[in-house]
Amino acid sequence: METFIVGVLLSFLVIIAIGIIVLRDLLAAVILLGVYSLIAAGAFVVMDAVDVAFTEAAVGAGISTILYLGALRFTTDRQKPRGHDSLPALLFVVLTGALLIYGTLDMPHYGSATSPAQTHEQVAVRFLEVSGDEVGPPNIVTSVLASYRGYDTLGETVVVFAAGIAVMSLLGLRRRRPQQDISDDERAES
Amino acid sequence: MELLLGVLAWPLAILGMIFLIAGAVGMTRLPDLYTRLHAASVTDTGGTLVIGLVLLLYAVFVYGSAMVAIKLLLIMGFTLFTAPTASHVLAKAALLSGLVPVDGKGEPLLESSEQATQLGRSRPDASSAVQEKR
Amino acid sequence: MRRYPRQSHRVLQVMTRLLVPFMILFGLYVQFHGDYGPGGGFQAGVIIAAGLILYGLVFGIQRARSVCPPSWARVMMSLGVLIYAGTGAVTMLLGAHLLDYDVLAHDPLHGQHWGIFAVELGVGVTVTGVMISLFYGFSSARNSIDRKNSGLPSDVEASSTVEHPQ
Amino acid sequence: MLFSVIAIALLVAMLLTLVRALAGPTAFDRLLAVNSFGTKTVLLIAVAGFLMGRPEFLDIALSYALINFLGTVAVLKYFELPDPDSGHYAEDDY
């Protein structure tokens, strides 16, 4: 049953992705990206990746829509008409896609017990067995992220910080003074 | 106990599924935004509440977990509040931006999009100044 | 379809007033319950920021700014990283490796608990600050393209903007 | 069994909603579809938690129920004329 639900959700993802590519209206594309993250989070939940799903739910549905809309406000919500579809470009894209799909053939199957992540030096087994006594939290994802791989998470936090600084320096950091109080309706009707 | 749970849960679940599918069909088939909104909003909220009730039955009687039940109640409560608000805001924004409602034959029910904008205004005097075309 | 001057949404305002406290409360729950359930600092930060962003969208940026001034958001951005790195520095001062929380309390398990708590708090504070700052940055940056594309007659445009003294 | 049937019904409803999201002539139609899709996803996540016997997953459904609203409001605010500096509403304004 889970496999069936994941399959249906993933095919929804493909449909949405094609829709996003085809649509010229960028606002519609942003709205569809919201659906994309909804479906992705649903699929993650069914695949048991709860923390990933949580991140997708929190970021994809609300914040990323707002950031995309902010970006649209700076530009325009119509995509420029394409010049011409060049055949070599299409061939190149199809070839790259085929190569990528060929690459996935080597990957372990979903949920496979013999995938390298499970078998390599018994890391996963060790985390599952020992982390309760070594670190404590019942949620092993938390203990891996915050304790075993604390350096990584420190780096990620710094990346988020740096990204925030970068965007703010692009958008401008100027302070602004408070406005006089004019009701919006009055202003619109004046 | 099992039997009682089944007797309670199945009819509720079927009702919820009818709500959801009817709403989705209405959203695909109806002619304009306002009718689609009408189809989608009530059935979504109702379907969520009814299916949430089914899940609540299972949370209480099978899992016996108070935390799960509370979270389900919170989900149902938030949906009960946010979904109608979202529908309201959507309809108001559509009116304000001048989207004219149409009837079954595709004829506009208002003369111009300015009238729709006027209808969308929240001030009572502004909306009473407009009467419908027919 | 065209854009329209701002209208106040009474229903939306009432709902937002109801919803925002719950969002922030839920964010705090995710922050401090991440040891036991799904979630952690990142998700919590995003949810708390989402609460404030909803407030700002509905009641206007000016009010959101008075709730959480941009300078606070900027301080939060760096404060979180400081908390995280500071935890590492404290563990080093106590004689262990960087981010080895065992030494933070009398026994290793408690030390780990405190360490994870502090680190997640740092992540949460940074992410909240960054998200709020991004929202402020995007919403307050003025641009001329938007007004050109809005499709409204020019007099409405002119009246819907206030020239603001620099 | 029960949860499987509900999940399948939800997937069918989601497919129909997806059609509207892709076809919707105006942005409002798409937004309506997304909003409704969000409600259905909340349900699907909740049902999936029960289906797998791990109802603790409701945290995610809860966060979606809260945040889905934000996306809708944000897109609707996009249709308003930009007026970032004057976010002022009088208290008794309706």
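Just so it is clear, A, B, C and D label the chains in written order, and each chain counts residues from 1 on its own.
FYI, contacts are C-beta pairs under 8 Å (C-beta built on N, C-alpha and C of every residue); 3 or more make two chains touch, one makes a residue touch a chain.
The structure displayed is predicted, hence computed values, not measured ones.
**Student:** If you apply the touch rule, which chains end up adjacent to both chain A and chain D?
**Tutor:** A chain counts here if it touches both chain A and chain D, which gives C.
**Student:** State the pair with the higher C-beta contact count; candidates are B-D and B-C.
**Tutor:** B-D
**Student:** Which integer distance in Å separates the CA centroid of chain B from that of chain D?
**Tutor:** Using C-alpha averages as centres, the distance is 11 Å.
**Student:** At what distance in angstrom does the C-alpha mean of chain C lie from that of chain B?
**Tutor:** So the centre of chain B lies 30 Å away from the centre of chain C.
**Student:** Could you tell me the distance, in whole angstrom, between the mean C-alpha positions of chain A and chain B?
**Tutor:** Averaging C-alpha atoms per chain gives centres 28 Å apart.
**Student:** Could you put a whole-Å number on the gap between the CA centroids of chain A and chain C?
**Tutor:** Their C-alpha centroids are separated by 18 Å.
**Student:** Residues of chain B that touch two or more other chains: which are they?
**Tutor:** 78, 82, 85, 89, 96-97, 99, 122-123
**Student:** Can you list the residues of chain C that touch 2 or more other chains?
**Tutor:** Those would be 1, 3-8, 10, 12, 19, 22, 30, 37-39, 43, 47, 50, 53, 62, 139-141, 143, 146, 160, 162, 164.
**Student:** Could you tell me which residues belong to chain D and also touch two or more other chains?
**Tutor:** Chain D, residues with two or more chain partners: 14-15, 26-27, 31, 33, 56-57, 59-60, 62-63, 66-70, 73-74, 77, 79, 82-83, 85-86, 88-90, 93-94.
**Student:** All pairs of touching chains?
**Tutor:** Pairs of chains that touch one another: A-C, A-D, B-C, B-D, C-D.
**Student:** For a test of understanding, state which residues of chain C touch chain D in their complex under the given definition.
**Tutor:** 1, 3-8, 10, 12-13, 19, 22-23, 26, 30, 37-39, 43, 47, 50, 53-54, 56-64, 139-143, 146-147, 150, 152, 157, 160-162, 164
**Student:** Going by the contact rule at the top, pick out the chain C residues touching chain B in the complex.
**Tutor:** That would be residues 1-4, 7-12, 15, 18-19, 22 of chain C.
**Student:** Quick check on the complex: what are the chain A residues that touch chain C?
**Tutor:** 50-51, 53-55, 58-59, 62-63, 66-67, 70-71, 73-77, 133-139, 141-143, 145-147, 150-151, 153-154, 156-158, 160-161, 163-165, 167-168, 171-172, 175-180, 182, 184-185, 187-188, 190
**Student:** Note which residues of chain B are touching chain D in the complex, please.
**Tutor:** So the residues of chain B in touch with chain D come to 6, 9-10, 13, 16-17, 20-21, 23-25, 27-28, 33, 36-37, 40, 44-45, 47-48, 51-52, 54-55, 58-59, 63, 65, 67-68, 71-72, 74-75, 78-79, 82-83, 85-87, 89-90, 93-94, 96-97, 99, 122-123.
**Student:** Using the touch definition from the top, list the residues of chain D that touch chain A in their complex.
**Tutor:** Checking each residue of chain D against chain A gives 4, 7, 11, 14-15, 18, 21-22, 24, 27, 30-31, 33-34, 37-38, 41, 44-45, 48-49, 51-52, 57, 59-60, 63-64, 67-68, 70-71, 74-75, 77-78, 82-83, 85-86, 88-90, 93.
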